[in-house]
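So that we are looking at the same thing, I have put the structure below in structure tokens.
As written, the chains take the letters A, B, C and D, and residue 1 is the first residue of each chain.
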Amino acid sequence: MTAAELLAVVAARELRDDTTVFAGVGVPLLAAALARARHAPRLTLVIEGGIIGPEIAPGRLPISTNEMRAGRRATMLPGITDAFLFAQRGFVDVGFMGGAQIDRYGNINTSVLGTDYWNPKVRLPGTGGANDIASLCREVIIVTPHERRRFVERVDFVTSPAWLRGDGSRRAAGLLFGGVSRVVTTLGILGFDPDSRRMRIEAVHPGVSVATVRAHTGFELVEAAHVAVTAPPSEEELEALRALDPERRFLG
Amino acid sequence: MAVGGCLFSRTPMALVRELLRQRRRGLTLARNLTCTEGEFLMVAGAVERIVTAWMSIGLPWGVSKILRHFVESGRVALEEWSHLALGLRFRAAAMGVPFLPTLTMLGSDLIAVGGTKTLQDPYTGATLAAVPALFPDVALLHVHRADRFGNCQIDGYPHMDADIAQAATTVLVTTEEIVSEEETRRHPERTVLPGFAVDALVLAPFGAFPHECYGLYEADFDHFAEYTRAIDARGPTAVADYLERYVYAPPTWGDYLDLFGGERLALQQRRARELVGA
Amino acid sequence: MAVGGCLFSRTPMALVRELLRQRRRGLTLARNLTCTEGEFLMVAGAVERIVTAWMSIGLPWGVSKILRHFVESGRVALEEWSHLALGLRFRAAAMGVPFLPTLTMLGSDLIAVGGTKTLQDPYTGATLAAVPALFPDVALLHVHRADRFGNCQIDGYPHMDADIAQAATTVLVTTEEIVSEEETRRHPERTVLPGFAVDALVLAPFGAFPHECYGLYEADFDHFAEYTRAIDARGPTAVADYLERYVYAPPTWGDYLDLFGGERLALQQRRARELVGA
Amino acid sequence: MTAAELLAVVAARELRDDTTVFAGVGVPLLAAALARARHAPRLTLVIEGGIIGPEIAPGRLPISTNEMRAGRRATMLPGITDAFLFAQRGFVDVGFMGGAQIDRYGNINTSVLGTDYWNPKVRLPGTGGANDIASLCREVIIVTPHERRRFVERVDFVTSPAWLRGDGSRRAAGLLFGGVSRVVTTLGILGFDPDSRRMRIEAVHPGVSVATVRAHTGFELVEAAHVAVTAPPSEEELEALRALDPERRFLG
């Protein structure tokens, strides 16, 4: 089992049936397709290419949000702007996405490394729809490898806002709902302390210790009163997942 | 200059190629998700600024080395907007208003990049971002079919092309097929650009290739892989060589397509038909 | 309460009929162009306020005597907005923003009727009307086809139904036909309401009759003429009698349609097919 | 020849080929269809029901802007709001409409008679799209019977703004372009003095005197330096017009 497989299976479990999920390509979309194939057959995918309700074909995973593979067997094709406006109107239950850098308040940076936006040390691809998903969905779940260089005290640039400074600043900025509720990683599942909005260890994967999670995180994590251990991916889950990506384009 | 389609879907490649052949300089490119065409324009020295939400060819090929080269060295400015915010900038212009209110980008550092102002809702006092209308001087678009009056129809996902066309001062369109006015009238619900919004129309079959055109041909991922391998090996020089071979050397669009060969084009057509179940 | 379609096109007549049968009171009706259904609601005492741009059956039948009777006597308030302004109120709500900027209504006396505020564009200082979002509690809509998940497709002109559905808290839809999910997926570009925006769906063939449904049946102008002749002769009493006959007496929608008769329905179908060239 | 026939023929001549006209139902639409049938075959009709480029069938004149007859053989069906937004964006050259009451500055009332909006003496049908057409088209041409009760000093309610008070108030209100350029009536053609924006007699129909026009107008009209006489409707014009409305639904 690869790290990406573990991540996809655990992330898929976070999605409930009869909901709507705005999924980014890569592991999030793969996990959403897995959820649909198993416990959430009526999960409606929204893809930022302006695609609603597609059915991802095994072996034909899209590599972009704007291509025929992402639009396969869609139920509606409203266009990009209108797909996001469904989220702004409150129709999208979950935003499901990755991120390059994440801080203790769940804010994400996918824009630049370095402190001067206009003279970046490293220019990353940019937000795409990540800022919109983070701003407009009713709840956001981040799916990411757990690496110390990704989990930083303070992101260089807030591309996608979560709890901002944790002090009610998200609401004060004008964002009426949403925020990151979970961060599903290759080591465990993190949430946020409801008061301080600081990232909190809530579960670890089998064989992973809280200390290991801390060691791979560049800031101090809060710890839940009871840290659960996730159930290991079942054979059925892995089989269904591997059937979706037989070329192992995203599963490593 | 705004370029229609999105990432490697329905990119007006024939028009971008012509623009490169004309050795334009000093352009600003506005496109929501920017792909190989953005790299071409950077390497050719055509663009000074790119207004976009994201730039890369696609996840499997990682961060664009060309993007990094030109932006980190300060030779091209990358003005980043959220995908929706940039979409709303085109929509505001399409609607003929100077801004549209939105919640997106609020609280993030993106709001300062493009100088977006906030305002208070005059009824509730709620804070909103006011994204300014973007009226491109020129829009380049590629569509599935059009009639001689410029009424254009697009199959599948419409991306933002209708808003871009209405927003722009001058609209240049290539089309896979020119159909009769009768055909337009048979399916008026498919028309996304009215003739009065289109300034010039050119027939260009496979006009987005090697990018995709919904239902007609899939993007040529093997070609992207070859292209990025060359960049990994030789950096921007590889793109310059690519432009020499695919843009400057072949005099016509037909000659360009011949470089890919009929077999390759037919294969990508077959794959597209499979995907849309046609 | 917002009612979809426009004037005598795709009015959700079966839903309006049911609403009348339930003897609802104190409603506000929001509909851009208001037709016979508005008169029914007035005479039945169901509405206190109508938010609209225009109310009449159509030019040949002149100013609505029912409108004049109820509004001039102060029994119903008519809140008038321009057609576009009211459309933008639904669109603002559909987009999830509290207002949209527009030029329309500026300088006219309409701007004061609904209390529309003006604002300055934060970039240029230009004056704009800020039309406030309208979030109806309930939307009643009629569509051509829908699947069991509530994905709805409309043929021909879409009017404002998509915006109204997204704007409203609860969305009730009747459909001419219920189709399989496969059928929806075969033509996703025709879907105008996603299932997640629809709360309840009922099969109701001829669900807009005697109003029209694009491509399926034309409005029954002879019926309108008969109806208005009765009003000319007897005023609101004629409408009360009409309601007794068409709304309260027939227990089911099928019984209602029987009052028109199969021959009449078939004729209107034939006329519709001729008009759309099918 | 009926008054409506004269009106439709003269109004049709005002439309140029290769332009876009936002036409109201009734005589304006009939006149636009006539222009299309004769000198302006590439005239694009826009109808407020969200209909672009229809071809009106002889004998099948629509009585509403939202019906199959109005949408027949359209080239595009964008929806109502978007049809108006084309005008707001500046794509519509001419707005072509009627009006119940019109004042010396071209402002139109189709809302209420009486001075209190909420307690009207007569409740009229309302603006429909008239306000939008008057606000947003690049130029507006009014087509109306010439009756003293319609041409009033001051409209009871400004439903559709033309030059407002004639003192630059249209521009000051925020309307960036447009305004009424012509009023085509059953007696002649009126324009507006470019400085005062007051209504001006520019042409009379054959056999109509300036004095007659004045007698049917409830305010003082400016008179152009040279008042032209319109060419009478030709047999060909009338024949083409009558073919469009054989039932004489709008031709009287």
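Just so we're on the same page, contacts are C-beta pairs under 8 Å (C-beta built on N, C-alpha and C of every residue); 3 or more make two chains touch, one makes a residue touch a chain.
Everything quoted here is computed from the prediction, not taken from an experiment.
Visitor: So which one's got more C-beta contacts, A-C or C-D?
Guide: Taking the two pairs in turn, the one with more contacts turns out to be C-D.
Visitor: Taking each chain's centre as the mean of its CA atoms, how far is subunit A from subunit D in angstrom?
Guide: 56
Visitor: Hey, how far is the Cα centre of subunit B from the one of subunit C, in Å?
Guide: Roughly 38 Å separates the two chain centres.
Visitor: For subunit C and subunit D, let me know how many angstrom lie between their CA-based centres, rounded off.
Guide: The separation of the two C-alpha centroids amounts to 27 Å.
Visitor: Multi-chain contacts in subunit A: which residues touch at least two other chains?
Guide: Counting only residues that touch two or more other chains, subunit A contributes 71, 73, 77, 85, 88, 136.
Visitor: In subunit B, which residues are in touch with two or more of the other chains?
Guide: In subunit B, the residues touching two or more other chains are 95-97, 102-103, 126, 128, 156, 189, 277.
Visitor: Which of the chains touch, listed as pairs?
Guide: Once each pair is checked, the touching ones are A-B, A-C, B-C, B-D, C-D.
Visitor: Taking the complex as given, what residues does subunit A use to touch subunit C?
Guide: The contact residues of subunit A facing subunit C are 20, 42, 44, 52-53, 55, 71, 73-78, 85-86, 88-91, 136.
Visitor: Give the list of subunit D residues in touch with subunit C in this complex.
Guide: 25-26, 48-51, 57, 60, 63-69, 71-73, 77-81, 84-85, 88, 111, 117-132, 135-136, 157-161, 164, 169-170, 173-176, 249
Visitor: Given the complex with subunit D, which residues does subunit C contribute to the contact?
Guide: Of all residues in subunit C, those touching subunit D are 5-9, 32-33, 52-56, 58-60, 63-64, 67-68, 71-72, 74, 77-78, 80-85, 87-88, 90-91, 102-110, 113, 118, 126-129, 156-160, 162-163, 212, 214-215, 218-219, 221, 272, 275-277.
Visitor: Mind listing the subunit B positions that touch subunit D in their complex?
Guide: Per the stated touch rule, the residues are 93-97, 147, 149, 151, 166, 181, 184-185, 188-189, 191-192, 194-197.
Visitor: Flag every residue of subunit C that touches subunit B in the complex, lowest number first.
Guide: 95-103, 117, 119, 121-124, 126, 128, 130, 132, 155-156, 186, 189-190, 277
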